[in-house]
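Chains here go by letter, A, B, C, D, E and F, matching the order in which they are written, and residues are numbered from 1 within each.
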Amino acid sequence: MEYLIGQAKTLIEALPYIKSFFGHTIVIKYGGAAMVNEELKGSFALNVVLLKYVGMKPVIIHGGGPQITSIMDRMGKEAKFIAGQRVTDEETIEIVEMVLAGKINKEIVSLVNQAGARAVGLSGVDGRLIEAKRYIPSSGEDMGWVGDITRINPKIIEIMDEQDFIPVIASLGVGEDEHRFNINADLTAGEIAAALNALKLIILTDCRGILADGHNEETLVSTLNIQEAEELIAKGIISGGMIPKIRACQIALCGGTEKTHIIDGRILNSIILELFTDEGIGTQITR
Amino acid sequence: MEYLIGQAKTLIEALPYIKSFFGHTIVIKYGGAAMVNEELKGSFALNVVLLKYVGMKPVIIHGGGPQITSIMDRMGKEAKFIAGQRVTDEETIEIVEMVLAGKINKEIVSLVNQAGARAVGLSGVDGRLIEAKRYIPSSGEDMGWVGDITRINPKIIEIMDEQDFIPVIASLGVGEDEHRFNINADLTAGEIAAALNALKLIILTDCRGILADGHNEETLVSTLNIQEAEELIAKGIISGGMIPKIRACQIALCGGTEKTHIIDGRILNSIILELFTDEGIGTQITR
Amino acid sequence: MEYLIGQAKTLIEALPYIKSFFGHTIVIKYGGAAMVNEELKGSFALNVVLLKYVGMKPVIIHGGGPQITSIMDRMGKEAKFIAGQRVTDEETIEIVEMVLAGKINKEIVSLVNQAGARAVGLSGVDGRLIEAKRYIPSSGEDMGWVGDITRINPKIIEIMDEQDFIPVIASLGVGEDEHRFNINADLTAGEIAAALNALKLIILTDCRGILADGHNEETLVSTLNIQEAEELIAKGIISGGMIPKIRACQIALCGGTEKTHIIDGRILNSIILELFTDEGIGTQITR
Amino acid sequence: MEYLIGQAKTLIEALPYIKSFFGHTIVIKYGGAAMVNEELKGSFALNVVLLKYVGMKPVIIHGGGPQITSIMDRMGKEAKFIAGQRVTDEETIEIVEMVLAGKINKEIVSLVNQAGARAVGLSGVDGRLIEAKRYIPSSGEDMGWVGDITRINPKIIEIMDEQDFIPVIASLGVGEDEHRFNINADLTAGEIAAALNALKLIILTDCRGILADGHNEETLVSTLNIQEAEELIAKGIISGGMIPKIRACQIALCGGTEKTHIIDGRILNSIILELFTDEGIGTQITR
Amino acid sequence: MEYLIGQAKTLIEALPYIKSFFGHTIVIKYGGAAMVNEELKGSFALNVVLLKYVGMKPVIIHGGGPQITSIMDRMGKEAKFIAGQRVTDEETIEIVEMVLAGKINKEIVSLVNQAGARAVGLSGVDGRLIEAKRYIPSSGEDMGWVGDITRINPKIIEIMDEQDFIPVIASLGVGEDEHRFNINADLTAGEIAAALNALKLIILTDCRGILADGHNEETLVSTLNIQEAEELIAKGIISGGMIPKIRACQIALCGGTEKTHIIDGRILNSIILELFTDEGIGTQITR
Amino acid sequence: MEYLIGQAKTLIEALPYIKSFFGHTIVIKYGGAAMVNEELKGSFALNVVLLKYVGMKPVIIHGGGPQITSIMDRMGKEAKFIAGQRVTDEETIEIVEMVLAGKINKEIVSLVNQAGARAVGLSGVDGRLIEAKRYIPSSGEDMGWVGDITRINPKIIEIMDEQDFIPVIASLGVGEDEHRFNINADLTAGEIAAALNALKLIILTDCRGILADGHNEETLVSTLNIQEAEELIAKGIISGGMIPKIRACQIALCGGTEKTHIIDGRILNSIILELFTDEGIGTQITR
């Protein structure tokens, strides 16, 4: 009985958060451990379904680097990277699409369905959701079919929301001639948050958030603004794969998103912990 | 952090309940200690608002016997009762209406508004919501303006629901000639649950529920069906003010309500405890 | 037959008025003799129902000073006034609410229902229709819970109109903390006319209208504009209880109402006489 | 002032009629003196517009025998009749259509527009409103393009009603091959009343109604049922042009129309007199 | 089989045109040989119905000079013209209306119905579609009831479009006092194209289009802009009945129509030939 | 010009077909040569887009056996078949899903987008469109994750149709526990045609249709009914891969589809040839 009373109290404590997020779009970049570990996967799906049932509109974006490399291996195709980005020749982009849109995307759809909602998988080609053009790095090197987003056509997402389907989006772009592009999933999440005028962008990572000392997880920065983030990049404190996550937050914030969150996907119920508590568990980036 | 993790877990545990009640009408008979004690009042209001935000349609019904008697006292009018029912002469029905529709009803509306939703107070005369005719007891005694419900016109409630206002209804009926009737609030709640095809009817009382031994609160009956309830009435185990509550449950169940609940309004968050746990805290009556 | 032919002619003569008011909101401040005399009460209700049926959207606002004082008397509470305004202590505001929202409001709802439409009673607390803050007279005296309107939330009225219910509104405000305020009903009518962008505000009084010579009812001023009304106030020709009525007209006219009317509620069918004839029967105030 | 008070009273007396007809379709067969005399024409149009503004849906049906004959004369074409029906050869049906749909129909549209509503003229060919097949009299004589109605397609009328246009319909049918048919306008009115599930069918004539003694206008029969009407036909008391009017009433009543009225179009405001008084002015035929 | 393959290819070749016209309004001025010759009439109707079925909104405007003169002849009324315009006395305007709105309009409605769509005939008086005032020629001569358009009220056309009826409009205007005016049908088509923001205005004539040498049909000008058209008028190359057609194009283009077309109505399927081929068959006039 | 006139004539000849298919759902099973040959692919896409623009609702279903085998080869996984059906172990079903939903599905979406419409790719897991259970062959052999359809949830397709997106569906089922099943694409097309109450089911094959003599393409059977098809199966004239196509037609016809068509996908514009000509090009199967 004690336990039940505590539970009821918790639900009531969640009410102010539920109220302030009610009816709003929450874009979630899904990835890392939360996409691999079985317990974390189930927890993620339940979190998303809960958001849906208490009145929010969750939208899930995903990439899938490790799975792509693994299938390439099995197909005897060597993966090449320049400055952390996959060099994407014709054969590679076909494998990328097959793995992202055919394997990972449908697994996530299933995961969410199993947790009790109805999800629909989409990629950038569906309804020409994500239009892109060829990305040219400053180094001038040929990255192949790596793309920059030029336009989001959000109508297909809006229809899913209205009809209470949860959209799950594979990060793939489509060129004017319908050729597919490999796109960074963090940046896709940022662009989609901006296009949907989302209230929040939440990026799941495999660390606690932004760390003042990258080697010490106890040095979590709870909140910072975009300018402070830029300074941390300039100082080299934010580096590597965290940089596109910061860029995604910038894009979303510029596009009208109120707050962006980089959180630890290795923790059970991380999304709910971030959304339904004052302190949150990760790093919150604001304008 | 431990605490937060527990909270997140609780929310996820509530999800199956939220899903199965989503979009459904929950009629709540409000009364007793929960209408007097300040802490219980606040708790009640937050419970109702939470139901609203997680997708249910709560409808509140109330009476107000003690407050009526107290105002009658102040106005120098003596209250008379026959077999537990108020003898309601012309002057009394005017006071009843004034107290129920003007004082108590608006206090509840305020309580709910303060908890963060938008409530609207109604009585049986508004949109002719509750039509009634004179009640004749089997004893043949003249009870005055005590009424039996003849018809519910639920349109005004449905409009409130569609527009996300929470209806708060004072238990007063209206005759063909617009004269008002004093109606038992439990029965009103039952009739309205039936008319709205509510999923659940919840009646707040000042005891733990139905007790196998009326003098021992440890003898709570967790669940029983209508026939079993009839037998307990026949045996005198259910008696007094509990009888109209059982009658209300019967009316609701006949009208299509799935389950009815008689719960202890003296416990904080009693509604949530009953709805969001398997065991519940009171007595559940089924068909 | 002569008589019938005359009746048909009258209906046809009403057509131009019906056409020009069609689909518009008409706010009516109800009070005085029309709220006491049985014949006038019935006539008022039929007038309102006729407006509804020929395509207008009537909205009724009422106060109820004399009834409040009478119930206070019965409850042994002395009424105090400063400069014509009721000093409203804690106990008084409770009685005010009980009488306005519980007794008078529901009586008017019944009256209109009986005349053949469907009415719904509301007060400022319902849907937080009338928000208010404490009124501080220039004298600095403490008037208690007397309030100034700070905001009208008309959504609940609009819903009633769309669904063909006639809203009947008790003049009570609600503070940020949900405490109730006693508000002048004339001013409430003016604010609501402004908030609804009403075509007309009609105020029922117990005199013929504005009189050039306050002691001589033959000196009715048929029409004047706001500036002329101000001059009559400055000269003391308009004084006492007529001043808030003029203020109400100003508020409505500033808010977009086309014409305001102060008419004699002691005449049968006074609303129809004012609306469906060129000359009207009272004083018309324009911008 | 006396006069004004009388007017207000008349409006209030009309309220019960307005209420019971609200939202209902009223089909009016227009013809006879009311279509010729200037004062009667204006009165007719104002009556129709009043019905529209107090919430009814008037639908006007007309023929135009005398005007057809007059134009035929001017075009040097002789009119022939067998048993009161026009023998309609190829040339005649062209003239009939031109006069009904082009001249009379548009005059009525103008008349109603001038009275302050928006009318739209239609004939049986528009949206294939009135489908017909060749009429074969029992005598076996060839009547040419005289037709029997086989089907009404009311969609075009319903659209007009929803958009607050008043439909004015020329009584012409259209065959499977789109050839036009000359159709009795009384019967057309009956069929359209049935197809629209009209509340009332009103037929304007040039006599007081049905007379017990056809030569004495004082012998008006105020009300009779279909069976009684049949008996009067059998006895020869109802004869000639009155027979198709009775047939029209039968068709309407079978199709669900509640009451049908044959009234004197020579009286000013005859429609209003019939609808807004208990006695009415003509003959009412019921089931 | 060869033949079938060619047909399929043709349909696919039409796709780009279908796509670019999809959902747009196409105003067609119908007249000349296409309104007289039986084969051309059938072809015209099928063209219009095809436009409807492949997603366009065709609107047909017509006049009918020759038929008016012919009926006037039969009625012994002499037709008079000044500078090519019909002098329209009281008697003439009545015949004009009767012939246009009653005879020709309904014939076209039938033609389109027979081709498989649902058409509805309208004239300027219906819903006061075409408002006009008296036309005063520069010569100052009295032309009688010849009118200039002052305003188009397109609501009635829009309703027809939404409900998938094809509007067929007789070119007649209506004055403030509801008197009818004889209006040039080319100009009416231009004004209606402008009011509806049509994509295209197509005018059917009895010549190939605009000819550089009016006596030689081989000198067709395929495309020109409004300024070039003005120069051809100034040089006298465009003259007579072609001038109001050019004026109609100007009106439409000013009102937002994208392209206007003057085409040869003597060719079978002329509308489809103009719309579904790059070259077209007539003269295209652009801004 | 000759050529243009022929084209216009062809469009007009297509009108009766366009009219009778307008607004109806056409389910197309895509496969074989039409999915491989570049020219046929482009032709297929244009055919589908044309159907959409002339008012039909095309729905595309596809499988992809050869591509699955080819990717399995590349991944060093041997394909096994029993009685023509793929034995589908855990590893195989993952590859099947990846190839069907990730590679082929998105290629078809692109193809249709390029032809000028907006397509959206779906598989059985999206919105749980295709529910299935394990298929047990009569031989009792373990086929692995080969499934039988148990239920179609067409809501997601209906939403696509309403919003003018063309759904492209990969033939994959989903079990109660969300595990995926390999489903015959012909049968899926039949079930979806039945669930959508499609007007037509069109199955593209690599032969001319059903042949009376399987070795002679000149022996095409133009039309047959279900019973006749059963007899041809019993006689062994219909055999192998044609049998599931016949079963698909049966399912569709039982579910309310009017006609089903097995046509030669090796011919350019085969869909249009079948739909827009009387003879058609393949075999038509009716009830």
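The definition used in the following text is that contacts are C-beta pairs under 8 Å (C-beta built on N, C-alpha and C of every residue); 3 or more make two chains touch, one makes a residue touch a chain.
Values in this document were obtained by computation on a predicted structure and should not be read as measured data.
Trainee: Touching both chain C and chain E, which chains are there?
Mentor: Chains that touch both chain C and chain E, as defined above, are D.
Trainee: In this assembly, which chains make contact with chain B and also with chain F?
Mentor: For chain B paired with chain F, the chains in contact with each are A, in label order.
Trainee: Would you kindly give the rotation angle relating chain A to chain E, two copies of one sequence, based on a CA superposition and rounded to a multiple of 5 degrees?
Mentor: Value: 120 degrees, nearest 5.
Trainee: Validating interface symmetry: for the copies chain A and chain B, is the fraction of residue numbers used by both over half? Same or different.
Mentor: Mostly same residues: over half of the interface numbers shared.
Trainee: Test of understanding: which option in A-B, E-F or A-F shares over half of the contact pairs of B-C, residue numbers taken as the match?
Mentor: Matching pair: A-F.
Trainee: With centres defined as the mean C-alpha position, give me the chain A-chain D separation in Å.
Mentor: From the centre of chain A to the centre of chain D is 70 Å.
Trainee: When the C-alpha atoms of chain D and chain E are each averaged to a single point, how far apart are the two points in Å?
Mentor: 35
Trainee: Could you tell me the distance, in whole angstrom, between the mean C-alpha positions of chain C and chain D?
Mentor: Computed value for the inter-centroid distance: 46 Å.
Trainee: How many angstrom lie between the CA centroids of chain B and chain D, rounded to a whole number?
Mentor: Measuring from centre to centre gives 57 Å for this pair.
Trainee: Can you pull out the residues of chain B that are in contact with at least two other chains?
Mentor: Within chain B, no residue contacts more than one other chain.
Trainee: Considering only which chains touch which, label the overall pattern as line, ring, star, complete or other.
Mentor: ring
Trainee: Considering only the defined contacts, which chain F positions touch chain A in the complex?
Mentor: 71, 74-76, 94, 97-103, 105-106, 109-111, 113-114, 118-123, 125-128, 155-156, 159, 163, 165, 174, 177-178, 180
Trainee: Where on chain B is chain A touching in the complex?
Mentor: The contact residues of chain B facing chain A are 4-16, 18-19, 22, 43, 46-47, 49-50, 53-55, 116, 268-269, 272-273, 276-277, 279, 281.
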